[in-house]
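Below, chain A partners chain B and then partners chain C, in two separate complexes.
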Partner chain A sequence: MSSLANAVPRTDVSRRFISLQRRQSLVGIGFVLPAVAFFAIFNFYAIGYALYLSFTSWDLLTPPRWIGIANYTALLRDPNFLSSLSITLRYTFEAVVPLILISLGLALLLNQRVRLSGLYQVIYFVPVVIPAVVAAIIWGLLFRPSGVVNNAVGVVGVDPLPWLASAEYALHAIVIVSVWGGFGYATLILLAGLQSIPPEYGEAAAIDGASRWRVVRDITLPLLAPRLLFVTATSVAALLTSFVVPFVMTNGGPGTATRVLPLLIYQTGFQFLHAGQASAMAFILLLITLVFTALQFRLFGREVL
Partner chain B sequence: MNPHGLLSQQRNRIDRRRLLQAAGATGLALGAGVRLNRSTSAQETTLTFLRHEHPPANALEKDLIQQYEQANPNIKINYVIVPDVDLFTKFQAMTVAGTPPDIVNFGSTDIPAVWQRGLLAPVDLSAAGVADLKELEGRYVPNALSGYVFDDQLYALPSELSDYVMWVNTQMLETAGVEAPRTWEEMSEIGQKLVIRSGNQVTQEAIALPLGFPGVQFLVLDAMVRQAGGQLFSDDGREAYLTSDPVLKAVSTLTGFVQTDKITDPALNGTTAGGDRDLFQNGVAAMMLTGGSWYRGTLLESKVGENAIPVPFPRYEDGPDVAGDLYGYGLTVGAKSANPAEAWKFVAMLASHGTDYFQKAEGLFIGDAETADSGAADEYPNWSTFQDELGKGQYPPRLYQFNEIGDIVGRTADAIIRSGEDAKAALEAAQSQVTPLLNS
Partner chain C sequence: MSADVTLPAGRSLAANRSWRNELMTASLATQVLLILAAIVTVIPVVWTVLSSLKSNDTIFAIPMQWVPDALHWNNYSEAFEVAPFGRYFLNSAIVAASVTATTIFFGAMAGYGFSKFRFPGRDVVFGLILVTFMIPFPVIMIPLFVLVRNFGWVNTYWGLIIPGALTGFAVFMMRQFIQAIPGELFDAARIDGAGEMRIFLTMVLPLARPALATLGILTFLESWNNLLWPLIVIQSDEMETIPLGLTKFSTLYSSNYAQMLAMAVIASLPVLVVFIVGRRQIINSLMLSGIKG
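Now for the complex of A and B:
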């Protein structure tokens, strides 16, 4: 008898094949479902509810009352909000530039195959693993009039500065702490990027007479662009939403000199009983963060993508 | 069909059936248990009592709660303690979650906001054992209840009544050969003799100011403005007078201490609220303005120890005899409490232990006349100072948006005093910010 007579009909094979695929899909869905549920509840639902609240007047004690876009229009004329926004942007720019430059410089140095580079990487990463609250408290002590920072500047002949007691210096103090807390992570990311660049490119350029600076500028940095974009974008987003350091170190003072937007959002929602207005502020901050991220993508060019 | 396959199918069915039976039995058992528990808890009333952290008072209240529960077996008190700065946030979180506490020990400046939103139940006078408010007022020192009366009804029983006096380090004053200043004008002169510098750094300041502490700054400023013959806000909280001359005078006085007389260094205050108290407790400041009778307990455990005494809050030489602002905490019952009668009975019990609070919590005074005139008060060092000052102080205006207004006023004062901003311009800006937040 022909083997064809014992062959399984095509329709049965198709059904089994589809069923197996479907089963595999279901298994995959089952695995990701807990994570999706977690994000759905604690992220998407929370964001959606916050968006709804931004159109209400709510004091957290009585039911919310729908007021349309009144919160948003009021914020555009609110001097406290505009002041905090300005402070936040200034703080972000002042911190991100040195953070990237220091991280890049350290990564380039560590990429030179120096001795104990592994140990240096660990040391540079220590600020990242110290909890922000602990770091802020310790730095608050270091910035005291008789603290280590003033002792250090005294060595170069500078009189003690009223770091956290002065509207002029308080923001700089917070910038220093933020850069200190973030450079280790950025250095590691950039170092990983540098180590993934084939050394032959640099060697070939050197053979052709390119200086070390030309190699860095024309070969290393362009190839490092994706990591630079990642580090810059994440650092800007983190700085725009920074809360712990300003809250612990100065509580936004002296006066309102260091009251960044996340701190104002917290105070507006929980202390001043304007949760709806606070939600509107949060969404404006979200939009600003997205705009900055998009700008950075444009700045780094299409090659990255 | 393969007989082995059939047997296997039957086994599977049997196993599944047993599993379902077991699950059903477990469910029934759990349900019965829950019903049993419900019926047991239906006879027991649980009251949630939210209070701020104050170790001596908390220890006393735990004892009182234990005694109360023994005397009332059907009552269970769920005692929730949080740091003072977190109390209102905790209350908000519990309210949003649908489980508002039955009893809350609110700060006196928070009560107007909560009352205005209809969240407080009036005091059950019968639980307090009185027929009317007048009779209850007779049990307290003058003004003790005034901060908690709204529309002629009382909404809280005081759990703490205090006012700010000036604490001075007797050792430092003795070393400098000076006495405590009685007026703000004397403060400048005496303060110069109390400051000690090491090179460019101040190692001992004459007075620690409550900078970076908006709520407390408000109380100090409010008292000083009254002493200068004016007010920050009208008593009904509907008008603001931030640009008036008395306010300018008060702010200028404090600015002078920092910028001109240099008898205080804001840089020493540190980064946390209450830095002025830390400076005094650590022996860095000779005088401090934000401690009540309760502060003695804190001082006894600090570096200063017994070397500190309370003296009257300074006045202006040609101004009215006004003491520091009254403030405190009040025990309230929520309007949505399922058991208001039981809650007020428990509150009244706590309020009847004024002398215990005073003795066991190192001078924590709840405002009752019995304690004020008792032997316990006589034993408290310098109690007459507190008693005199309490009689000359006033509660701050009952602002429904106190937190926000206090923050604006405090930060404005900070900017003027610390950073030397133009006082008139800053106060005008503050006036325009607070106007929409006033009581209506």
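Now for the complex of A and C:
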């Protein structure tokens, strides 16, 4: 093998080395170039274009017309937008709280020495991999007046509920489907976090007389904080932007009771062809997701990061 | 409990074990709760499979019946006649396979480039790719549609595949994995005169196989399940993917419950098979994804 240093005259070694370095950095750029081009077009150009469109009036056909911040000022007085915004926030909050509590509870239970723990993990994860469209269609039938859900609540003595027919219950129904479809993911991430905590901590505290509840509250939960924050942040982001279940199961109804913001953006942009206004809504949605993420990290994440 | 110190070793071990038992061993209540959760989780799935084999008018019979009186397999064959589900299935398979292939290939290329080479602006560009994690799809769907329309890809496989051909997560995951492979391996091959593309194809890709498999599984699941993008970019029946075709079917034939459920089963089969085969990889990758920093 001809080593580079021997192959060239000594005085050229450093120059040769520099050119080798330059060559290698060009090779590196070559490897990342397809990806960089992709993200430049389909993410950064796209988001810049969305921002531009949000200042225009556009029907997707004739050239866009610049109207400044008129879309944004109109949205702040638009009852459709404001109602979708409040539905989205209510739905997100109503779903994320049980989602995290159920997942945390199941993860704590699975972290004990449980027979068939692997089987439970697989079962809980099945709804996560089932297509959201399938989940929405199945649950749409389960929530029928004489469907499985009303049969189940009948067992505990509750009269049949008007799940998808009433504005109030339709949102609850969507929350239930979202929790069903998402808790398996959160449970597994939290369980992984619990398994990385050395059991000796809890044992030591127990020997010193701490109750099981105190061990969980004062040792387990603080050590689990990074994972809790992670699943809460990803769940909130997913819920704020969720589209499939409200679209397929209720199509935003009854009336506009479950017309979440992503659904309103879709309808405004592609059905009513108000692409400018839809883009302004999309930017407000982006802002909300960023604020929520930042807020969670601020509130819970200072010592986590 | 200073007395513990003077206890014989055996005694303190026994005490320790009993603490461990109390803390770690699942009680009956734990088992009951876990089983209850599992039952609630699978009931919709079990009901779907059973109901896909019932006759249409017994699905909402009062009182409810769980088990079909006879196995009506014809729900499946009839659904394939009412709508071109075979074609939907093929479209979904083509799109999901293509998206998976491009994602792991270009993800691995970029992951290799970002982890094993130095070049100006590397870390800034990688940071920008991480920023794409934060962009919700509804925010960019209108510009993406306009782009695809300008390229002439509306209602084509290109239109379905290209905008989803890579994700920031793929680049991130491959970079993390390839970073842990010692770079000396590649330097040795370089000294032996191997070309850069050959090193990537014959060394980096095989060494990164576990990460490629996991990324491939996750990408396939996500692509197969996607509804919103096909809904935007597809305009004719024969180009629909299975989530889109199933959604249309459920509104057009909203009382063909049995056929709807039969196709719900068909639509879920590939992802369930992939999940069962790749469950180890999926679960392991979740364990990693929760780690911050």
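We adopt the following convention: the second predicted complex is superposed on the first by the 280 of 305 C-alpha atoms of A that agree within 3 Å, B and C clash if a C-alpha of one lies under 4 Å from a C-alpha of the other, contacts with A are read in each partner's own complex, and residues count from 1 in each chain.
Just so we're on the same page, contacts are C-beta pairs under 8 Å (C-beta built on N, C-alpha and C of every residue); 3 or more make two chains touch, one makes a residue touch a chain.
These figures come from a predicted structure and were not determined experimentally.
Visitor: Which partner chains sit in contact with A:165 here, chain B, chain C, both or neither? Use first/second/both/neither.
Guide: first
Visitor: Mind working out whether A:72 is in touch with chain B, chain C, both or neither, as first, second, both or neither?
Guide: neither
Visitor: Answer with first, second, both or neither: which of chain B and chain C does A:201 touch in the superposed model?
Guide: Touch status of A:201: no partner.
Visitor: With both complexes superposed on chain A, which partner does A:80 reach: first (chain B), second (chain C), both or neither?
Guide: It touches chain B, and chain C stays clear.
Visitor: Just to be sure I read the superposition right, which of the two partners does A:55 touch: chain B = first, chain C = second, or both, or neither?
Guide: neither
Visitor: Quick check on the superposed pair: does A:271 touch chain B, chain C, both, or neither? Answer first, second, both or neither.
Guide: A:271 sits against chain B, while chain C stays out of touch.
Visitor: Which partner reaches more residues of chain A, chain B or chain C?
Guide: Comparing touch counts on chain A for chain B and chain C gives C.
Visitor: Figure out whether A:257 sits in contact with chain B (first) or chain C (second), or with both, or with neither.
Guide: A:257 contacts chain B only, not chain C.
Visitor: Of the two partner chains, chain B (first) and chain C (second), which one does A:34 touch, if any: first, second, both, or neither?
Guide: second
Visitor: Same chain A residues contacting chain B and chain C, which ones?
Guide: Overlap of chain B and chain C footprints on chain A: residues 60, 137, 140, 144, 146, 248, 270.
Visitor: Can you list the chain C residues touching chain A in their complex?
Guide: 1, 4, 15-16, 19-20, 22-26, 30-31, 33-34, 37-38, 40-45, 47-48, 51, 59-60, 62, 64, 106-107, 109-110, 112-114, 116-120, 122, 125, 128-129, 132, 134-147, 162-163, 165-166, 168, 171, 191-192, 196, 200, 221, 224-225, 227-228, 231-232, 242-243, 246-247, 250, 257, 260-261, 264, 267-268, 271-272, 274-276, 279, 282-283, 286-287, 289-293
Visitor: Provide the residue numbers of chain A that touch chain C in the complex, in ascending order.
Guide: Residue list for chain A touching chain C: 1, 3-4, 21, 24-32, 34-36, 38-39, 41-47, 49-50, 53, 60, 102, 105-106, 109-110, 112-115, 120-127, 129-135, 137-142, 144, 146-148, 151, 180, 184-185, 188-190, 192-193, 199, 202-203, 206-208, 212, 215, 226-227, 229-231, 237, 240-241, 243-244, 247-248, 261-262, 265-266, 269-270, 275, 278-279, 282-283, 285-286, 289-290, 293, 304-305.
Visitor: Which part of chain A faces chain B closely enough to touch in the complex?
Guide: 59-62, 79-80, 137, 140, 144-146, 159-160, 162-168, 248-257, 267, 270-274
Visitor: Which positions of chain B touch chain A when the two form their complex?
Guide: 88-89, 92, 95-96, 113-114, 117-119, 200-202, 211-212, 265-273, 401, 403-404, 407, 411-412, 414-415, 418-419, 421, 429, 433
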